[in-house]
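As written, the chain order gives the labels A, B and C, with residue 1 at the start of each chain.
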């Protein structure tokens, strides 16, 4: 639009005016977009930019909180140390297992719960509220009560067994406790998605002879895909960082440590800022990969994706 | 045993302290009276009385303000370390666990006591407790309270308490064969309490975990023997099935449930069992049947060397009033206040003289056993890297069934060496 | 779908509801039971207490520190939720509806913040807060809570906003409304179910936070309940104040239930107004 040539035909002039109006509208939209995002972005950056960059910086140093003057640049040595450690990979495997199993179970249970909360015709308020209670209980206390319940003699679930002293039974208890607590999170997000599914679409499908399951798969699921993505994404991010449940239930005994438990032991207990930060960055990278896969899988349903194509 | 005992938790006392803290924290030193901020200890039952008494005694020279820390040791250390590393001058006196001395001293976070202070702090104080406050031959802490585990057993089942682990295994096996309660309860979950168990057995054999300068691990045949003993317990069928997840509450419960005939636990067992007995018939029966004896040794005639618990008062390097802080700390642990503390909060005194007080002996009928154990008690490895070593030890030894004495001791040597060299990662 | 509410359907739904209630509440009843057990029966392994005592509740309600923490929790979480929702709604609207440069990076940044392990951020945050003097204040917790709630808020809200029939907005614009007016008058009411859902999630995540609460406070000035629970001490060092902690957990779940009940109606209300859209 920088042409200095005089307009040669009135049609062309009109087109140019239209284009100018378009760019003006576009400029206003850009401005509004940035303006609306600015406060959130400023807050997030102000709080997190320095701590995150500092953690990444520290991951390249031999650094101990007790000897702040002895920091020494060691390149990727910390990464080599962590990635060549069997402990790390064992914890990584445990974490992946917990993440995958609990996220899948939560998605299925959460969807079922969401449908019940959305559709039930009796005691809807009661069900919707009660279903959220597990998510509302303080995690550490919930974990502690599970530990109590599963301890031989102390708890009503354990009977004469001591399931928290074996790797597999411990892992299943950890998953149970995680699933129980966070399924409501999933369910609430999915329910809000269900609320946006237009009734007439479902009616139309019903008239076309679709049964309930077909309506759900063909109409509802595609429509609530963005909600599913967000719910899955944020659950997976959190599940991968599982800490409290393991810390309270087994403290990582019998090979049940997660990457966060190991990171905590190195960073907070061991005060090893270098190794601890390296682990944090690695956890971050693992989660980033998980997130990337999810977003690729769900394609255009991701926020910020070119939604005009929908 | 106790004149007053809150049913389970003492929260009211803590609240008063905090209310006082609020008023003082904001203003700091204004008004002329220097404020001595105490971190830790303050939430213990009845500690507000001790603070009040000291503030009165100080006659305006200082005012102690109690600030709370989380109730678990790891949580306390996390808070203190974060603030000390930031050179926070808002902390004056800290109650630090006996295992933190070397670490805090080496990092330059706590003040070394001068000659006169060392003399004052050592007066009427059991030597082993002073060892926990010493790093490189200098005293950094004022012993505040101590602790030692002892053997608790059922008098009706065990007429004469076992003197050694061998005897205890034998008796337990016999009880098991007779269909009586037989379990041996020991803390062996993957946590600090397991290191306490291991350290006691190792020290009784005459071994240590690291050398005196904490430059290398001292893994030898004593380590192997100690590991073999724990392994034997795990495999004997005489321990609880929950052994590998047992912390103090689980061990206590195994006695309370009538499953255990023997448990190794701290002195609180008696008072706690009596308190439980007030609302429960079974617990009352157990409390009446509860006997105590010296920690079993590894062989006849060799006295056990029991691991010290407890805490010291230390003075922050960044305190604005280090001398007043010392004075305040000394006041909070006079024999008289130690006695109050022992009776109100169940934390045994470090002053030998208190063990002679009739009031103390009445509250702690097991005082003789405790005092005997205290005379020969040992600290956990005194090294700035204690936390790392403890994390490694508790994880390598967990679960107890998985121990292979020879190879686990090799793993211990490598793991501790790596920790001392700052290599590798913690499990 | 409007279906006829026959008694049989009602009974079927009641049965399903019962399953949901059992799933959600049995473990909660266990926590309640722990809070009511006496010293002597705490360890007996019974699901229901054999003897009931209200001591634990007595204690926490006579504990000024706990009550102050409850007040802190309520204030800090309400403010954080409110601010995070406003900022999040603005950003999510822009992301869902407007075309502007840097949109993807904004989405990326917020996800990045949601992904970074928070334990690595606590110590630097502590240092920043002590340096600027907001350590151990409400503000010192509100700011990180807003920050870490924003990614979830932005993602959730933009997912919902994209499902809204935007033809209505166009219609409003044709009637001469500015983009902002269209946002405020037409779209915001339609977006309510999503907004209130997000409100509940954000509120609960603040309410349950332990890490920041314990690391960025040092007195009852700003300490919230999850942190205060970890300050409870047993009668002696090695006794856990199990009943008091359980009672504390029960008590602090009640405000959440009220909060959810309150917003519950709004979600339903949002639905009815949303029905107009079809």
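By our rule, contacts are C-beta pairs under 8 Å (C-beta built on N, C-alpha and C of every residue); 3 or more make two chains touch, one makes a residue touch a chain.
In this text the structure is predicted, and so the values were computed from the model without any measurement.
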Inset, instruction - Just tell me the minimum hop count from subunit A to subunit C, counting one hop per pair of touching chains. - result: 1
Legend entry - Highest C-beta pair count, chain pair: A-C
Legend entry - Where subunit A and subunit C are represented by their mean Cα positions, the distance between them in whole Å: 15
Legend entry - Distance from subunit B to subunit A - Cα centre to Cα centre, in angstrom: 41
Inset, instruction - Please list all residues of subunit A that touch 2 or more other chains. - result: 65, 153-154, 268, 279
Inset, instruction - Mark out which residues of subunit B touch at least two other chains, giving numbers and ranges. - result: 78, 85, 253, 257
Legend entry - Set of subunit C residues in contact with two or more other chains: 43, 45, 123, 230, 242
Legend entry - Footprint of subunit B on subunit A - complex, ascending: 62, 64-68, 81-82, 85, 87-88, 151-154, 160-162, 164-165, 250-254, 257, 262, 265-266, 268-272, 275, 279
Legend entry - subunit A-facing residues of subunit B, complex: 74, 78, 81, 85, 103, 106-107, 189-191, 240-245, 250, 253-254, 257, 259, 384, 387-388, 391, 395, 398-399, 422-427
Legend entry - subunit C-touching residues of subunit B, taken from the complex the two chains share: 5-12, 14-16, 18-19, 21-22, 25, 43-45, 67-72, 75, 78-79, 82-83, 85-86, 88, 90, 147, 248-249, 252-253, 256-257, 265-266, 268, 271-272, 275-284, 345-347
Inset, instruction - Show which residues of subunit C lie in contact with subunit A when the two form their complex. - result: 1-3, 5, 9-10, 13-14, 16-17, 20-21, 23-25, 27-28, 30-31, 34, 43, 45-47, 87-88, 90-96, 98-104, 106-107, 109-117, 119-121, 123-125, 128, 143-144, 146-147, 150-152, 154-156, 158-160, 162-164, 179-180, 193-194, 197, 200-201, 204, 207-208, 210, 225-226, 229-230, 242, 245-246, 248-249, 252-253, 256-257, 260-261, 264-265, 267-268, 270-271, 274-275, 277-278
Legend entry - Residue ranges of subunit C in contact with subunit B within the complex: 38-45, 51, 53, 55-56, 59-60, 62-66, 68, 122-123, 126-127, 130, 214-215, 218-221, 227, 230-244
